[in-house]
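First chain written, first letter: the chains are A, B, C, D and E, and each begins at residue 1.
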Amino acid sequence: MNAPADFSKGVNHAQTAPAFLSVWNMESYYGESYIVQNISFNVHEGEILALLGRNGAGKTSTLRSIARMDEPQVTHGEIWLDHKPLHSMASHQASQAGIGLVPEDRSIIPGLTVEENLQLAQIAPPIGWSIERLYDLFPRLGERRKQEGVTLSGGEQQMLAIARALARDIKVLLLDEPYEGLAPVIVDEIEKTLRVIKEQGITTIIVEQNAIRALELADRAVILDTGGIVFDGTAQEVLENDELRAEYLAI
Amino acid sequence: FTNDPTGSSVTLGFNVPQTGPYADEGADELRAYELAVEHLNGGGDGGMMNTFSSKALNGAGILGKKVEYVTGDTQTKPDAARASARSMIEKDGAVMITGGSSSGVAVAVQALCQEAGIIFMAGLTHSNDTTGKDKKANGFRHFFNSYMSGAALAPILADNYGKDRKAYHLTADYNWGYTTEEAVRTSTEAMGWETVAAVKTPLAQTDFSSYVAPVLNSGADVLVLNHYGGNMVNSLTSAVQFGLRAAEANGKNFEIIVPLYSRLMARGAGKNVAGIFGSTNWHWSLENVGGAKYAGTNAFVQSFGQKYGFPPSQAAHTVYCQTLLYADAVQRAGSFNPCAVAEALEGYEFDGLGNGPTLYRAEDHQCFKDVLVVKGKENPDNEFDLLEIVDVTPAAQVTYDASIFGGELGSCNPGA
Amino acid sequence: MGILEVKDVGKRFGGLQALGDVNLDVAENTVHAIIGPNGAGKSTLLNCLVGKLIPDTGSVMFDGQSVLGRTPYQINQMGISRVFQTPEIFGELSVLENMMIPIFAKRDGAFRLQGIDNMMGEKDIVEAAEKMLVDMNMADKREMHAAAMSRGDKRRLEIGMCLAQEPRLLLLDEPTAGMARADTNNTIDLLKQIKEERDITIAIIEHDMHVVFSLAERITVLAQGTPLVEDTPDNIKGHPKVREAYLGEAA
Amino acid sequence: MDAIVLQILNGLDKGSAYALIALGLTLIFGTLGVVNFAHGALFMLGAFCTVTLSRILTLSHEVVDPTRKDFLGNPLKVDVPYIYDWFGESTGAAIIDWAVPLSILFAIPIMIGIGVLMERGLIKHFYKRPHADQILVTFGLAIVLQEIIKYYFGANQIPAPAPQAFVGSLDFGALVGFEPGAIIYPYWRIVYFCFAMLLVGAVFAFLQFTTFGMVVRAGMADRETVGLLGINIDRRFTVMFGIAAAVAGLAGVMYTPINSPNYHMGMDFLVISFVVVVVGGMGSLPGAVLAGFVLGILESFASMRQVIELLPGVNQVVIYLAAIVILLTRPRGLLGRRGVMED
Amino acid sequence: MLGLNKKDASLLVVVAILVVCAPILLNPFPENSSLAQFNAGYPDLMQRFVIFGIFAIGFNILFGLTGYLSFGHAAFLGAGSYAGMWMMKLLSINVIPAIIFSTVIAGVISLAIGWISLRRSGIYFSILTLAFAQMAFALAASVLTPITGGETGLQTNLNDPRILPEFLGGGSAVDGNIPKPSLFGIEMTASFEIPVAGWLWTFNWGYYICGIMMLIAFYVAIRIFRSPFGLMLKAVKSNQQRMNYTGLNTRPYMLACFVISGMYAGLAGGLMAAMDPQVGAERMQWTASGEVVLMTILGGVGTLIGPVLGAGLIKYFENIFSKINKATLEVWFGVFPDWMSDFFVTIVYPFIGKGWHLTLGLLFMGIVIFLPGGLVEGGQRIRKLFNRKSSDASAKANPAE
């Protein structure tokens, strides 16, 4: 188990950063409530990191902080992606720097068709997979391309959200519960896709309640509890450590 | 009685529109009020106090008390005007309220003053109702009214446009519009004109094209615009755009008439007013045109023009007169008691306030004086010279029986 | 003769036959699961039961009375409650207030004007709501704004709200999606317990086979808008077509 | 028959005014979701761009003319515009005559500037705030703008006539075979209508043939997600606001010869333009334009003498009556989209 | 107390004390001081404060609880005023029938308008209410002139019938003067004045009657906010879909709320007519509806006391700021040297008198920008500041803890 590296505050870590994506002493707030409580971790290029924890542990908040969403507000700490300071960017800049987030509520944009939802992802640079290629990956979306995105079934929306992230040329993919609401066969499909993505060198952080599945896929795991990191190590370690699983993952 | 001034000063309430569509009229009224107060307190050149037939005023305020004033904003809304007047009465202890910019406001404030036992000296209000159907014992009006406009205009129109005319009326859909339409209709019909149609237009209307456009095909050859202020500027502009000025109908030149003119309004309509007839209560060039009978005019224009750099409007003139008339009545009555003041004003004849000999009729508290028929100038000399006086109709010709509009004066209320 | 009888229900969206001739019979006091691939029409079927959609053809009978032609609140008053796929709660209200509303609806019917009664004077209702919160293991969140909870908590609250109404038929659309394993297990236990204690019938849509197989007494598999098979869990597990079209390696 | 054609024509120009104002409003209100009570004020500012330009063009120095007298009897001071000195009297007069069309060029940068300033300085902070707050702040702004204009230009109307070449009217009836003089129609109103169509077309084209419209719509529905996709939505909102302000301003510029502008003209149009936008359907540009014309024509018909005599007062309520009927039969207005400002 | 919890009860008590003492509190400056301009303690304005307070409280019951933004509430106010006037013309000059009838009529009209408008939500609802109100305004201002007096408005007249017997306020003119609205002989305009040192306090009957009505209205509003009914309304605002699928019919809840809110407006209208027997159609115009929206937002939407504060602030500006003129300014700045006083007068002049709208506009903007929750939030911030200070102080005082 690696303890999170301890860097003193206020130092420019860009040069010293050992990893592709590094989060240092990050603290985030929703208004007055202190949610992400001083966490630090590293993700190496091409790696899949599983971010686990109970409901309300702060997983979503962590991903949103990295993607530089307005809420929660990161009040302290640094986030570096490939020597670029994400912490001083707005969400659209973070996205242009290579962050792709699949949010937990999928955030399909109302009023837009499936295809428009995808087109929207290809307006700002850098552009990733072509829309046709995405339809090959998710044929259901191709069939429904003219349908309004929000009327898709729950699972179809999930596919659209993942496809939309891939439509951009991302360096880091942040997945917030990607398997939720998907039929088991589709989960298998997506898992395969994630492996393909990994082979292409894309770094992934996956948040998932189905911890076993996530751990089987992941190289490393970070476990959160009430906003702090309680474990940072390899996925294998978690799978083998029954106590840890029982205490924080109830599996 | 209410608000008997106890100190060394007396407060008048000037309640004029400072916001809303008549704000410019209101501003001009306020200038005249300030001038009047200055003159009453012995400042300035004395203005019309020098020409006024009554010599009761001596430049030492009213009954020796220095005149002070409070101002308020009517917003040209009866509600707001009453609120403002009530605050003058209740908070500032005003002994008299004056001002107003529309008949709706005048009627509302007049009723309030009646209730509260305060004298109301109406400002700009032209509807018959103010001293007709809605007259009140505590209220007085110097300005002329719709009936007089009609009576003065009709003969001139017949002279200029002939007796065989077909008129189409556009009428602002409110009380003043109704009485004006009625007045112009009756008096022109008496001359032999025919009324083809009369259409009410909403007060809030800004684009009158759909009302103006059908006029040419209606068989009419005269358009009467019973509109005032913005309404009139816009409807006249539309009428000119639709070519009515240039058109012919029934083998005659098509004509437009605006029963009630004001210079401020004429400025808004720009070149469109050229050659169009209407009536007005007073105009700054009256003494130059009409001679010494209208003495006071030049004195007033001089002192107003010196102070502000432009000539006064008819609104300014009427409220200046009202202020002097009130002060004079108090002086003559020797008391601020509204009933005493009312008595001093009722049936009072005076001269030298720019309109020639004038009577404050006792029965309805309406002033009777000569009425000006004016025409938009074709080639104005300067930016104030927009109207040309065509004729002055003698007071006798516009006088009517006090009972024709109904209403009851009631009895004067001195207040608690 | 079941408590819920769905006969020949069909529903089209434009060119898409979302449901075609669905027949379903849910026996009283059982747990009936509906599973099937994404976009099979499961949620659509549920929508037809609660008045959110009106089917083009067929009939839906609840306890011998037709459901069609009634508005959602009338259907609910008949005794059908529903948990949505994306949590539908009163975000601006506190958790306790959220819980009180269904209890009021249960007691007072669809509308009652209690213009100046004091809410906190309704001791019974407050108590019932508090008890339900304890049951749902969220008593500590009592005063929280519902919108500020994590998503798993929102879902639990919604289930609690539906249970608080003591419905005769409870419809659950992926109730444990996004829920941590421990809470999923709690919810399974709670549902089992409630079913034992009260006269309640449950129809559940789930992609989590663990939940399905722990709860369901009968399972209907829906595919492309029509029922593929209906059988006991054990038989479904072994059904080759189901394995191929839906379960994949999961079973 | 001719009366009907006439009222349709009349409705068209009233409709184009409504449509233009509603078009600008719907860009802000229907697309950006900001309840902009200052929109009328933008229209009014456009009109005052014209007034300002003609004031600038007529900037003068005084020449004393001893032969004429002013109202106090002193020798008259005559104002001679500098422009006469520079271009000679006839060219100078022609330039002044063309002040209204010239103002289009003058107003575009000014209005875009005002729009951008307003968005950056104020509205930006209000996208996420409740509609109520937007109402209060934009209403406050509208009052402030109005008062400033009133302070400098007074409360009365200021004439701003069309160029001499457009004064007068076209005998439209004679063109299409009615009796001469049956249907006449002022030139300037024809210009206004054409201008409106042009502007509407340009805005449509811009939003239709570029992804701009889609992005802004998406940004409105879900700012957060659009940002997630790498799009700087703030900048696009600013641009949108600038365009909307320019559209409103140009509507005002061209309207001045039809009705002389005053500081209050924006408020007069404000309520109607909200009605038009909503009747057209929230978020629909074609809806706003369609509703503008429908209501304009209806209003024209309702103000026919024959109609008023039949149903006194319809002319005053017809727009609202139509709005009620349309909203009750078509829940989202004529062409509205689902979910836009329904809660 | 009265079925309220402690916090609400103390709020009610505070408001009651303020209402009772308003004639003193609103006249903080001695009669002859140059700041006497800012005194607001005269009957007309105090009546307006509480009447518009009632109006805004009622509006807030609808808007604050359900989030439905009605842009036509002035129609109910106007209808209430007309109804009240007719009662005073036909029945009796006693204000009681007028007030009751105005509330009832407004209730009936809001039932009809609400029935139709509530078929839509969001902006569509707002525009429907606006359309109805504008129609009501247009009709009142023109076609219905025989009933409403058109643009001039409706007033009591010398020859009104007033058919009730004299001891109930019926009967005709008193020696050529129109009788004034009264409550069993107590005239609404009657006041007694108490001069204390340089101050003059005016205690007016009409004001206290309005004040009592406002306290009742305020109390009822608190009860509604705290009732299950209020909870349902908040739930409607939060999630109508969930309401429906929880077996609740939102329509009658909304309609009941709309009607209650309309009746508040009617009551306010009736009181206005009773305090000052004159109604003009412009009372129903959209600007009047807009004003109550502004009052509510300014004070704080969904708060109990906010709307009253908002109403007070707007009316204060309308009545006090609009009356300051150049001459007054010159007196104020007279103490400075001439050039300085001229300078100040020039700076300040555009914002007062006829410029009062400008100040109001700036105020609107300032408040929304800096106090998103309206005046109530301002109050809360101040209180927090004090609390923090005092807790800081106590923390320092007890370092051991």
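Here is the rule we go by: contacts are C-beta pairs under 8 Å (C-beta built on N, C-alpha and C of every residue); 3 or more make two chains touch, one makes a residue touch a chain.
It should be emphasised that the depicted structure is a prediction, and the values quoted were computed from it without experimental measurement.
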Next on the checklist: With a step meaning a move to a chain it touches, how many steps does the shortest path from chain B to chain E take?
Outcome noted: 1
Item to check | Set of chains whose contacts include both chain D and chain B | outcome: E
Next on the checklist: Which chain has its C-alpha centroid farthest away from the centroid of chain C?
Outcome noted: B
Checklist entry - What's the chain with its C-alpha centre farthest out from chain E? => result A
Next on the checklist: Could you work out how far the Cα centre of chain A sits from that of chain C, in whole Å?
Outcome noted: 30
Next on the checklist: Averaging over Cα atoms per chain, report the distance between chain A and chain B in Å.
Outcome noted: 77
Checklist outcome for this item: Whole-angstrom distance, CA centroid of chain C to CA centroid of chain E, is 47
Item to check | Sequence positions of chain D contacting 2 or more other chains | outcome: 316
Checklist entry - Considering chain C alone, which of its residues make contact with at least two other chains? => result none
Next on the checklist: Output every touching chain pair, sorted by label.
Outcome noted: A-C, A-D, B-D, B-E, C-E, D-E
Item to check | Partner chain A, residues of chain D touching it in the complex | outcome: 211, 214-215, 217-218, 221-222, 224-233, 283, 337-340
Checklist entry - Inside the complex, what are the residues of chain C that reach chain E? => result 50, 52, 71-73, 76-77, 81-82, 84, 88-93, 97, 100-102, 104-106, 108-122, 161, 165
Checklist entry - Okay, in this complex, where on chain E does chain C touch? => result 3-5, 220, 223-224, 226-232, 234-235, 237-239, 241-250, 252-253, 256, 260
Next on the checklist: Touching residues of chain E toward chain B in the complex: what are they?
Outcome noted: 39, 42-45, 48, 138, 141-142, 150-153, 155, 158-159, 173, 175-178, 180, 189, 202, 276-278, 280, 282-283, 318-319, 322-323, 325, 327, 353-354, 356-357
Checklist entry - Can you list the chain D residues touching chain B in their complex? => result 2-3, 6-7, 9-11, 13-14, 17, 68, 70-72, 76, 150, 154-159, 161, 167-169, 181-182, 184-186, 188-189, 257-260, 262, 264-265, 268-269, 299-300, 303-305, 308, 315-316
